[in-house]
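What follows is a set of notes on a single structure, which appears directly below.
Chains: A, B, C, D, E and F, in written order; residue numbering restarts at 1 for each.
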Amino acid sequence: MSAYGPIEYRDASPEVRAVFDDIKRARQVDDVNNFWKYLARDPATLKRTWESVKEVMATGRLDAVTKEMIYLAVSVTNGCGYCIASHGAAARKAGMTEEMFGELMAVVGMANETNRLANGYRVPIDAAFGS
Amino acid sequence: MSAYGPIEYRDASPEVRAVFDDIKRARQVDDVNNFWKYLARDPATLKRTWESVKEVMATGRLDAVTKEMIYLAVSVTNGCGYCIASHGAAARKAGMTEEMFGELMAVVGMANETNRLANGYRVPIDAAFGS
Amino acid sequence: MSAYGPIEYRDASPEVRAVFDDIKRARQVDDVNNFWKYLARDPATLKRTWESVKEVMATGRLDAVTKEMIYLAVSVTNGCGYCIASHGAAARKAGMTEEMFGELMAVVGMANETNRLANGYRVPIDAAFGS
Amino acid sequence: MSAYGPIEYRDASPEVRAVFDDIKRARQVDDVNNFWKYLARDPATLKRTWESVKEVMATGRLDAVTKEMIYLAVSVTNGCGYCIASHGAAARKAGMTEEMFGELMAVVGMANETNRLANGYRVPIDAAFGS
Amino acid sequence: MSAYGPIEYRDASPEVRAVFDDIKRARQVDDVNNFWKYLARDPATLKRTWESVKEVMATGRLDAVTKEMIYLAVSVTNGCGYCIASHGAAARKAGMTEEMFGELMAVVGMANETNRLANGYRVPIDAAFGS
Amino acid sequence: MSAYGPIEYRDASPEVRAVFDDIKRARQVDDVNNFWKYLARDPATLKRTWESVKEVMATGRLDAVTKEMIYLAVSVTNGCGYCIASHGAAARKAGMTEEMFGELMAVVGMANETNRLANGYRVPIDAAFGS
């Protein structure tokens, strides 16, 4: 097995297949995304990451589309191309319309701008916000 | 006037006062936050930034609390201390409960983790997401 | 000597003193900034960093104030508090006025915003810019 | 209309066309860059962003080439591929020579290095710089 | 209970106490760090994060000091003040000497510099590294 | 000579050739990587960067594979595609196995997650770590 690249279901060990099966069942898809196939190089990280993502992204006080939009906002800020593509798709599947995406991007852009204005002007935290 | 620091209302030029007045009216507060007092060093940036923030943060398809949470997610990712404090306060004022904040932070943390896993494993974008 | 903290001139080894002397001579100051006193924990890094900074910041096709403003723009983008303070001071010493600082910050803020808009909208590079 | 991709002039609404026309006039170009065609998905962001960029990038105390180099320094620090390409081209058009670009890159690299040295050595801000 | 701040052991719920006890046992300390006391606001994140950290930081092919130095390198790059302090302490406890820290910082600084040189010069990936 | 792109050995000036020759000798390779060919546009930066990298990456208290893994951790965190590819290859050449890479990535991911948890929960530095 080469040192780098995806692991397909047919080549996967039983423990990797178990995670792939759980992803496919939870998301009702026929195949898992590249992300999971590449993580499968390290079965412990594959399993831990999937279980954390499943727990974190489950609907709680925030619904699925809100969580996916927050995920997307972080990915856009970090400039992670894969994550922007995959979580953009996930957000749209969860109900994000083009108008909602437009508003999300406007907030993300503005936050990245004002973050630097606050940094550069060395603005001290207002007493009202706590120390 | 020193080269650095906040400009208080009593020391402000008419154009700066006009922006401060608009902020106080829009947010129904007695005084503006430090951020605006420091930006007041550059009246053109003060005016442009406030008008952009007002437009971007207005309720549209996304409500106020969702927008503030997205702002907070970006600020946390960038590690902007002032912005985390101010937009954390704004998000709470707009209705973010402690449980919602907990879920927000869980998503932000997970997104920052998986962004790096995608980077490091050099995962190519799935055809299904577009090129 | 404790494992962490600044090294003052009186406590410094001859090789550290030689670098401190060169900094004081080049910048015509009585004492070096905290940055150099902390780096002095690792004399090799102290020497290499000072020599690189001295070479890079020397006037060439770009003059001193332009170089300091670029340094500041990077530091603001990274949110490095120490670097914003020290290179803000250096830029002012080199001739940056409050108006110039205001314009610098406006550009830095705008660049951080549009960087994320380009990321999020997944804009492909125009053919005219080269591949 | 699909949910993703550029909007060409021929398919644009009157409000988008008005912005495109203003960009073409201001920059004396026959067509706008991909950035604006993708932003056109959200006409409000297109209009606000263009008006801000036009205001911020106008010659003031800093000339056009200095502003474009600062823009480029931020884009390089953030690793925004599109922005590096487009603002690299804009900076060259405004007069940045290859030697100036080399010096710019040397400063950007050095600033990113020393930002981390300041972080890691936990250097406190010198009293001389203000608190 | 206020909406923000640490939760001490005496005020903690049984599920939070169980995590605190496990941390104290694993690390052989009398009290947990502030990080865990603040995370305790969200017991699910506290539990998941501790279990992940425990699994990830366990000795495997990489020993404890190597893992802590990698953790520190990331924290320095991100400019996370708390994390630099806490993982600097952890790395020293695991055996990082002052000389090792100096070399670590030199590599972190150099990597942050060359990352930007590679970005700015738009260097394409060599065929030898894979596409 | 065009304003952008690599400089091959056959087209290089004597000072650039001298650096290329030193890289080839030190690394025992037939040709230098693209990184150096692009840097060759600015011979001063080429020379200074190579000499710094050679000094920093030399075996000291940390061995070559540890240094390359730290370099890789930073590059993954910054999302520098070229650097991930080139230093991933260098780390593997220096002895990083697939298992070691998996553990490295797990730590990098976890550090990026907990950095944001520390930011967002605004955790103050424990007295035990120093102020």
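Criterion: a residue touches a chain if its C-beta (ideal position, glycine included) is under 8 Å from a C-beta of that chain, and two chains touch if they have at least 3 such contacts.
Please read these numbers as outputs of a predicted model, since none were measured by experiment.
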Touching chain B and also chain C, the following chains: A, D, E, F
Interface composition of copies chain D and chain F: same or different, split at half: different
Most remote chain, CA-based centroid, reference being chain B: F
Centroid comparison with chain A (C-alpha atoms), farthest chain: C
Whole-Å separation of chain centres (CA-atom averages), chain B against chain E: 27
Distance from chain D to chain B - Cα centre to Cα centre, in angstrom: 20
Numbers and ranges of chain E residues touching at least 2 other chains: 4, 41, 44-45, 48-49, 52, 56, 77-81, 85, 88, 99, 103-106, 108-110, 112-115, 117, 119, 121-122, 130
Arrangement of touching chains [line / ring / star / complete / other]: complete
Residues of chain D touching chain B in the complex: 4, 44, 48, 52, 55-56, 130
Complex contacts: residues of chain A adjacent to chain B: 4, 33-35, 38-39, 41, 45, 49, 52-53, 56-57, 60-62, 66-67, 69-71, 73-75, 77-78, 80-83, 85-89, 97, 99-100, 103-104, 106-108, 110-115, 117-119, 121-126, 128-130
Chain F-touching residues of chain D, taken from the complex the two chains share: 79, 92, 98-99, 101-103, 105-106, 109, 122
Sites on chain C touched by chain A in the complex: 72, 76-77, 79, 81, 84-85, 88, 104-105, 108-110, 112-117, 119-122
Of all residues in chain C, those that touch chain E in their complex: 3, 41-42, 44-45, 48-49, 78-80, 130
